[in-house]
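Should a chain be cited, it is by its letter among A, B, C, D and E, assigned in written order, with residues numbered from 1 in that chain.
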Amino acid sequence: MLETVALILVILVLSAGVLVLCLQSLMGAVVAASVVSLGVSVLFVLLRAPDVALTEAAVGAGLSTVVLALGLRKLGLWRIEGDRGEAHALVPTDRREREDA
Amino acid sequence: MNALDLLFLLSGATLLCALLFGRTRWAAPLLLLGYAAQFVALLQTNALFGEPISLSWSLVVLDQPMHWRYDALSWFFALITLGAGFLSTGYGSGVWMRDYERAGHSAGVLHTALAANVFSMVLLVGAEDFLSLFLGWELLNWATFFLMALRGGIAARAALRYLGYAFTGGMAILGAMALLYAQAGSLEFQPIRESLPQMSDGQLWVLLALLGSGFGIKMGLLPFHLWQAPAYAETPGPGSAFFSAVSARMGLYAMLVFFVGMVGLARLVQMEIPYTFLNGRDLLAWIAVFTIIFPTYTALQQQDARYLLAWHGIGQGGYMVLGVLVGTAEGSAGGLLHIFNHAITQVALLMAVFAVLYRTGTTDLNRLGGLVARMPLTFLTLLFGIISLAGLPPMAGFVSKLLVYRALLFEGMPLLFVGAIIGTLGTILSVYKLIHNIFLGQLRLEHESVQEAPLSMLIPMLSLSLLIFLAGYFPGPTLSWVAAVQAQLGLPVVNYHLGGVYDAHGGFNMIWIVSVLLAGFGIGALVFFGLGGPSKRVHQLDNYAGGHFLYAENRYQYSDHFYAGLMHLIGPWYRGSFQWLERALGSIVDFLAHFTNGFYGIAQPLLWSLAAVLGIAVWVF
Amino acid sequence: MRNLAAVLFIGGLGFFLFVLFFRLPLGAPPLVAGAAILEEGGETVGAANLVTAVLLAYRGMDTLGELSILFAAATAVGLVLGRRQLVVSDPEGGFILRAGSDLLFPLLLVVGLYVILHGHLTPGGGFQGGVILAAAFFVPVLARPRRGLDHGLLSFVEGLAGAAFIGIGLWALFARDAFLEPLLGKGVLGHLFSAGTLPLLSMAVGLKVGAELAGLMTSLMEAEGRES
Amino acid sequence: MLPLILPVVLPLLAAFLVMPLARMSALIARALGPIVLTTSLVLLLPCCLDPPAQPLVLAIGNFAPPLGIVFYGDRLALLFANAVALFFLLFWDWRGGNPQQARQDALMLLLAASATGLALSGDLFNLYVFYELAAVASFGLVSLSGTGPALVATVRYLLVSAFGSVLALAGIALLYLQTGTLNLAQLGIDPEPLQGPAGLLAFGLMVIGFGVKAELFPLNYWVPEVYASAPARISALLAGLISKLAVLILLRLLVLVYGDTAAPQILLFLGILTIFFGEFSAWRAQDFPRMIAFSSIGQLGLVFIAFSLSGSWGVLAGIAVALHHLLVKSALFGLAHRWSGSLQALTGSAQRTPLAAALFVLFALSLIGVPPLPGFWTKILVLAGLAQEGSALAFTGLGAILLVTAVEAHYLFRFALQLYEKVENAPAGFRSFWEFLPSLLLGAALLAVTLRINPVADRLRAITQQAADRSFYITQVFPQAAAHRKDQP
Amino acid sequence: MALDFVSILYIGALGLLLLGTFGLVTTTHLFRLILALALAEAGVNLLLILSGYRGGAQPPILGFGPQDMPMVDPIPQALVLTAIVIGVGVQALAVAAAVRIYRRYGTLDLVALKAHLEGDLARKQGIAPPKSAEKPAGERPLSPVPPRPQEP
């Protein structure tokens, strides 16, 4: 039983890892990274390391995602709805840059 | 406190007082006194005929002992060094130095550099183990670089080029020292001399390559000779005279110590080059011969007197190596004697050329001419010098070259002899160009009011000319020094007498040769002056040709680009004699620099780091 | 071409890593230092949670190093982000966010303090509690960006907490001649006030980490964004 | 028993307190740093001048070595700890006036603490934490000037350092998997399990991990940018001091565990590459800081080659080269404080500042190894060791060092000649004497070492004898291990 | 390579590490590099915990599970705790630097940033731009970024 759970989780984590590298939208990549972090923290629980699981969940999934999202916001690569009126689709500007470069 | 300690102390003291009192008015006499004192101390060491004398202090650094010892060879070289130092300081003091300071350079720095050179040479020739040899070697390299780079501009660039060569040579020697240390366990000459026989031929070839190139660079042997001419020519007057006399010969000293003293010519002969009939000695001999030929014919093309003489300095070095390599009593005597003879010749010639430069402001052969009437004594010095440089009878150069030629012929090396002769032919052609373009021919208008060289420059020049003549007339004393050196180096000793040499083929006696020559000149002079009709003194510029008065502006005498025809004939044979080698090395270094700098230009070089990790994994697995 | 080379290298490295790792005793690694701590950890330090015992007692130096790394990171972020925007351009949080943040703040505070104080008993400790405290202080900033956080106070708390950690260590140095040695007796295993100075140390760590991360996130929040 | 822990802990305490103190009174905050550094210098200097017979082994928290962390203060570690305190005082930002002065002082103190920790610690993961602390503190310090290039250089430096620390952590995991302990001495007790491919791969990963700061070849692409854009004081400390401490970690591992395996060969190979790439790129460098940055890469390659030599000869050669480079490179970066422009712009600046130009020539002479100066003795030690090694790679190393030194001599003196060229409007010299005081002091130290080379050499030989002695290290940390080792051969 | 519990996790850990390294090596976009770094660190942390895991053991908390059951090794867990927080610290610094760089240069692409770095340094130090003879003939040089408002 334990093997199947571990197998599923590892597959989930690895696929989320691949997603992090392949997704076009940066915000999607950040979300994928937090999924990886959560998956790893559950793996830590399986590995009888509750302390580390708690840290990974709080720091890895929580904090780093917040920091990355704030970073994206400051880079202007991701807009929240109703941000000073002009609705802006979640289009990462770096792809737009490539088009007009 | 034996005489050797006194010599070292005095040398250091001279350097110190040059450093402190260099700028003051009475710096020159003080330095002359210093060199004279060192000369006396050297005579007291009596290392030539007496027992070798060793320094009482010896340094031990990182449990490597460093001590100094003077024997006949070191005495011989120290004699030339101190003599050259004394004469060039004398030549460079007084009038010449005032003119040098008016040109914006500092006299103190020149004196210090010269004293530093002498001190490092005195240190180098006394070396008793590789560490003190390398210490003296590097000090000499840097002192030479310092003296060369004094005048800035072209001199600085030539000095930098010299530094590139000299430092690579130093590194080659350091590499050889590391190999010797690994092989013999110590850097002393004695243990190395004992461990050399056990070395295999391959190791000896590596040592020959490293030490040969290291010492060869300093001597200006063929592939590494390109730096010497511009560097020596661009150095200020006395420095150039000093360098050409002895600085290049330190490479020969080191070669003598290692290849002749420790490895021994017999062992060189045994080192066969596979698939050829050549052996180690032949290789070096052929390099020496080519060193005679190529620079001499490059000298032929030069348009500046200093460059012409500097190129000859390289060429003459080949005779010395050739003579020593023959190995017989006569050959090595000729090689060693040529060191002394060439030293006094080259210094005299350069002093004369710099005297002309001092008076007329230029040494460009195409803008000089007809100074024999204005500067007769300088002309005389130059005449004596070029006769000795070309190796013609009355002068000293003839004795040593004759010894070398006789040795080459009697030892059955005809091809080497022919090469040497071609070199001498080139020398005769270029020295004639030298004296013709400067002194003979039509006087130029602007040199109308040129005076004779000042007294302070004339004394060293004339004393040297006298020395050249006497060394040629009575070679006995100089041959005695050479015999002592041969005994110390383990070469067969030449048996000499006041006039010349006895050997299996009869030998020669200079006293007879020169007396007959002088007698012939005497008769010729009698006929010319005595029987000839009354002669009328005519002013130099009062010339007629074909009934027309020749104004001084039009040149009726062939003095521009002397030998243009000859150059047209043999010019294409050799481009710049090995310029391509230097350019090739330079471009390789530039390419590597560009390649490595490229790595630091990559935007995302983590791929290389990953490759390194994979490399380690493969290496480890 | 670069990606191809990268794939090749990664494949090669992966092959070597797999081969080497699977030759080692994966399931049962040799237990040397760990075994000693497992048996006598409870007695000497008196902490139920052995990981916290290792973290704050046995390998106290690592945690001190860890604290100073976080401090260095926060200072460096402060240095890099430099000037803070005077008026925060982010919009006010919606009603739900403001009401939620008011409700969540005390709750997160309690959870954070609980995790810190019970660090030596249950899984958790200085770091985890600190992060929760940081979240507790950051949520109101998200809700009302205008008010922001008082950076002076934060750096004050941060400095003092760090000094407290080292102070306890120095106190142990002077008392027992060994830096960071647990003092104040072991107490009964499992009780709240047990394991000597460990709870104090984890409190210091918690406060420091909390203040630092809150300061870090707020300065990132207030940094001058790019308005394109 | 000197509290060996204070030189590490006091700077940390000061770093934490400097920011709150700065709010209260700037003066105390400014003075805090120098006071703390002088106290640690005063603490460490006596035991470096007349070293204690036995090295100072300090178990933190009184926990026996395999459990807790142990600080091992043998003469080599104390020497480096002293050097840290001394050089941080020498290159402290005395004038201040930087808007973020409190933050900069805090980061400098953190760097000092981590450097001392790197020198003294005897536990592998603790070394990794201090190494990471030094890295993060140097990121902050490098981005001090806040200009564009400084930030980009910091980010590139951060990325390669993070890549290195990930690999180092993987190495530590691999090592822990095989031995179950992190204490260096315990690793050395029975190094057999680590001699196999897995152990060597762990060492390889750690070489790459710690090689980032030690400017090893494939990982030193950050060096020219960072040293050209960071303030000269910081570059002096990073290039001179921190890089040596990173190499010290690898030296401990090499001496204790990987003495007679293939590890030295790897270091030798990477050292040759580092020297080759460093010095040849310096040939084309067009500005002063980048030129000495490349030459520092070259010198560190020499340190790696020296450490790869077997036995105490290698340790002696490596430490000699490292200390000489520490002295010369920091002094050169001291000069770079004012000479930060391009080489052309500095032409003829010897007329205004003859002393600085003379100092540069002195350092250049010692760097390339001209006999009377100590640089020559260190180089001859390395070359003699390589010649004794005798393997083909050793001879290529020998040839590479010689070739590279010739190139180095050329580009250093190409610049020296430019300095002494006669130019009408010579560039502005050093405004005040204080600016190149560190270089002056280091130049005087260099000359002092030249004159008293023998006593310095004997002291250094004693230090390295102790450092290279594997069983001595193990018996110091594990006295009881000595008992059980006696019976088995 | 029996598919037991531990070997699956080792595959997962090594897979994450290799994915992270692949991301670090190939992309040149600064933000993706930071994400790849986070991946690699998660992989290594998993690896470190695995090196302390013993099959069938219980977490190192005294007083919970049965007494006789062996416990997992606590030391790697302490190490991983430190490693995670180091990772986040470095990540936060990287994001902050990325924000400042994006504001200064307007791009996060390392190739463009490297060109800006060289250009600004050369301008600051007064090095003349390479003459056309030395520049590679190939593609036309990078079009200069429009001059941004210089910082005070």
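Just so we're on the same page, a residue touches a chain if its C-beta (ideal position, glycine included) is under 8 Å from a C-beta of that chain, and two chains touch if they have at least 3 such contacts.
Computed from a predicted structure; not experimentally measured.
In summary, the chains found to touch both chain B and chain D are C, E.
Separation of chain C from chain D in touch steps, taking the shortest path, is 1. Among the other chains, B has the CA centre that is most remote from the centre of chain C. Each chain gets a centre from the mean of its Cα atoms; the one farthest from the centre of chain E is B. The central chain of the assembly on a C-alpha centroid basis is D. For the pairs B-E and A-C, the count of C-beta pairs in contact is higher at A-C. Centre-to-centre separation between chain A and chain E, using Cα means, comes to 14 Å. For the pair chain B and chain C, the distance between mean C-alpha positions equals 76 Å.
If you average the CA atoms of chain D and of chain E, the two centres end up 25 Å from each other. Looking at chain C, residues 2, 6, 9-10, 13, 16-17, 20-21, 26, 29, 31, 33-34, 37, 49, 51, 58-59, 62, 65-66, 69, 72-73, 76, 80, 82, 123, 127, 216, 220, 223, 225-226 sit in touch with two or more other chains.
Counting partner chains per residue, chain B shows two or more touched chains at residues 602, 604, 606-607, 610-611, 613, 617, 621. Multi-chain contact residues of chain D (touching two or more other chains): 125, 129, 132, 136, 139-140, 143, 146, 151, 154, 159, 163, 174, 176-177, 180, 182, 197, 201.
Counting only pairs that meet the touch rule, the chains in contact are A-C, A-E, B-C, B-D, B-E, C-D, C-E, D-E.
The part of chain C that touches chain E in the complex is made up of residues 2-3, 6-7, 9-10, 13-14, 17-18, 21-22, 26-29, 31, 33-34, 37-38, 41-42, 48-51, 53-55, 58-59, 62-63, 65-66, 69-70, 72-74, 76-77, 80-82, 122-123, 127, 189-190, 209, 216, 220, 223-226.
Here chain E touches chain C in the complex through residues 1, 4, 6-7, 10-11, 14, 17-18, 21-22, 25-26, 50-55, 59-63, 71, 73-75, 77-79, 81-82, 85-86, 89-90, 92-93, 95-97, 99-100, 102-103, 106, going by the rule given at the top. Residue ranges on chain D touching chain C, taken from their complex, read 1, 3, 5, 9, 12-13, 15-21, 23, 59-63, 66-69, 100, 103-104, 106-107, 110, 113-114, 117, 121, 123, 125-126, 129-130, 132-133, 136-137, 139-140, 143-144, 146, 151, 154, 174, 176-183, 186, 197-198, 201. Chain C meets chain B in the complex at residues 2, 5-6, 9-10, 12-13, 16-17, 19-20.
Taken in their complex, chain C has these residues touching chain D: 16, 20-21, 23-24, 26, 29-34, 36-37, 57-62, 64-66, 68-69, 71-73, 75-76, 78-80, 82, 152, 155-156, 158-160, 162-163, 166, 169-170, 172-173, 176-182.
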